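Let me give you the structure first, and then I'll get to my questions.
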Amino acid sequence: MNVVFESINNKLVIRINGDIDHHTCETVRQKIDNEIAKKNSKNLIFDMENVGFMDSSGIGVIIGRYKQVTTKGGATVMINVKPQIKRVYEICGLQRIIKVFDSLEQAVNSLP
Amino acid sequence: MNVVFESINNKLVIRINGDIDHHTCETVRQKIDNEIAKKNSKNLIFDMENVGFMDSSGIGVIIGRYKQVTTKGGATVMINVKPQIKRVYEICGLQRIIKVFDSLEQAVNSLP
Amino acid sequence: MKIDNEMKLELLSKSQNESFARSVVAAFVSQLDTTIEELADVKTAVSEAVTNAIIHGYENKIGTVVIISRIIENTVEIEVIDSGKGIENIDMARQPLYTSKPELERSGMGFTVMESFMDEVEVTSSPGQGTNIKMRKTFRSL
Amino acid sequence: MKIDNEMKLELLSKSQNESFARSVVAAFVSQLDTTIEELADVKTAVSEAVTNAIIHGYENKIGTVVIISRIIENTVEIEVIDSGKGIENIDMARQPLYTSKPELERSGMGFTVMESFMDEVEVTSSPGQGTNIKMRKTFRSL
């Protein structure tokens, strides 16, 4: 489990590598929160390309980060969402709050 | 589990696809014996390229075919042997009776 | 109903065993003819139930999680059993978004995921004794 | 010696479960830092012990095969247990090339493979009651 960050026009790209379940989500959460604090990020792009599996524990982490930046007026989007993750995302109602884009470019352009 | 055959200069090439354990070895045995009977083969080349796993049940099948053609004056060789299979092969003493070659060409040329 | 195959797995309630548990059930179910999506659904449902046993049932104390899986024709039945604290109000627990541990950023969607991905989910629980989640899914891909 | 992790798997003695059994143990052991070869060794040893329980222990009747695996630091301990016919003469059974079922083209090399691939193999058996194969391997790849 590791998390790699990139900043594009002040937007934080979060690339998670590995499964996101209850066992790994605490590490994911801490790494992201450190980076958000360090960069004072408002807009988040979750790149799910290298996430093979995610359950509702992962949804909890994503909603938590979403809430954090929303209070600062920011937004959260996702890219490269595989079918298993897409289904969990939909069942948990994330489509109402987090948009999924086909490419990093579209995701970056969608954010203020 | 399937087994594919090819005849090269009257030598029977036996390509096994899948794991060879006690569960699958009966099928492997039957298919090979049918083909040996049909072609009246004396010389056998086992191509292990697509065998991901083999245990001593597989060794039993190979020794059985070896004995069968040896009584007719034939020989048995192997190609494309992966490390796990090579170790089982050595522990079971097959190197004393069945040579391993690096290529199909060398295997074919080694047989009378 | 004839059981075609059956297995029972007992694990310690350690979070590192969550991925092991879901892989084992997926490997067992893969003897049936399923699509990749159906197999992923089963994995996800098992992950939810096992995680709940660990964090809610045992609350991070070490206990045993039992997983039983049966194949009956093209149906899989999976039970995830803990001997932990149990659930007081099952109807409330099954509500989407309900969680007793919001401080852990739980989404409260575990049961909803299980219900969406499996055909049936039965919950039996006694406070102080433990919880049994029994799920069924029939594969129609044949 | 502190047990770091432990699991118990119960299976029906069906030959289709042989590959399932060895994959489960490999998945459990993969929480340790092993080489691909070491993991393949464990898989092969488990395959031999489970196959023996099925064909020699239960002689193709349906019974339960129990597999227990423990992780203790960088050592794995694996027990494969059947409640089948048992072994009369363990020393003879362990001899290379000895098989009681030559008509099935058994190679008689199962125990030799287990002994070569694992660091220790202990066999306990009572005729009419069953057999317990306990194997240990320490991974030094760290």
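Per-chain numbering from 1; labels A, B, C and D assigned in written order.
By our rule, a contact is a pair of C-beta atoms (placed from the backbone, for glycine too) under 8 Å apart; a residue touches a chain by one contact, two chains touch by 3 or more.
Computed from a predicted structure; not experimentally measured.
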Where subunit B and subunit D overlap in contact partners, by chain label: none
Shared touch partners for subunit B + subunit C come out as D
Taking each chain's centre as the mean of its CA atoms, subunit A sits from subunit B at a distance in Å of 52
As a quick test, compute the distance in whole Å between the mean CA positions of subunit A and subunit D. 44
Distance between subunit C and subunit D based on Cα centroids, please, to the nearest Å. 28
Chain centre separation in whole Å, for subunit C relative to subunit A (CA means): 26
Subunit B, residues touching no fewer than two other chains: none
For subunit D, jot down the residues that touch at least 2 other chains. 16
Which pairs of chains touch each other? A-C, B-D, C-D
What residues of subunit D sit close enough to touch subunit C in their complex? 5-12, 14, 16-17, 20, 23-24, 27-28, 31
Contacting residues of subunit A [partner subunit C, same complex]: 19, 21-23, 29, 53, 55-57, 59-61, 63-64, 83-84, 87-88, 91-92
Which of the residues in subunit D come into contact with subunit B in the complex? 15-16, 18-19, 22, 37, 40-41, 43-44, 47-48, 51, 54-55, 104-107, 109-110, 112-113, 116-117
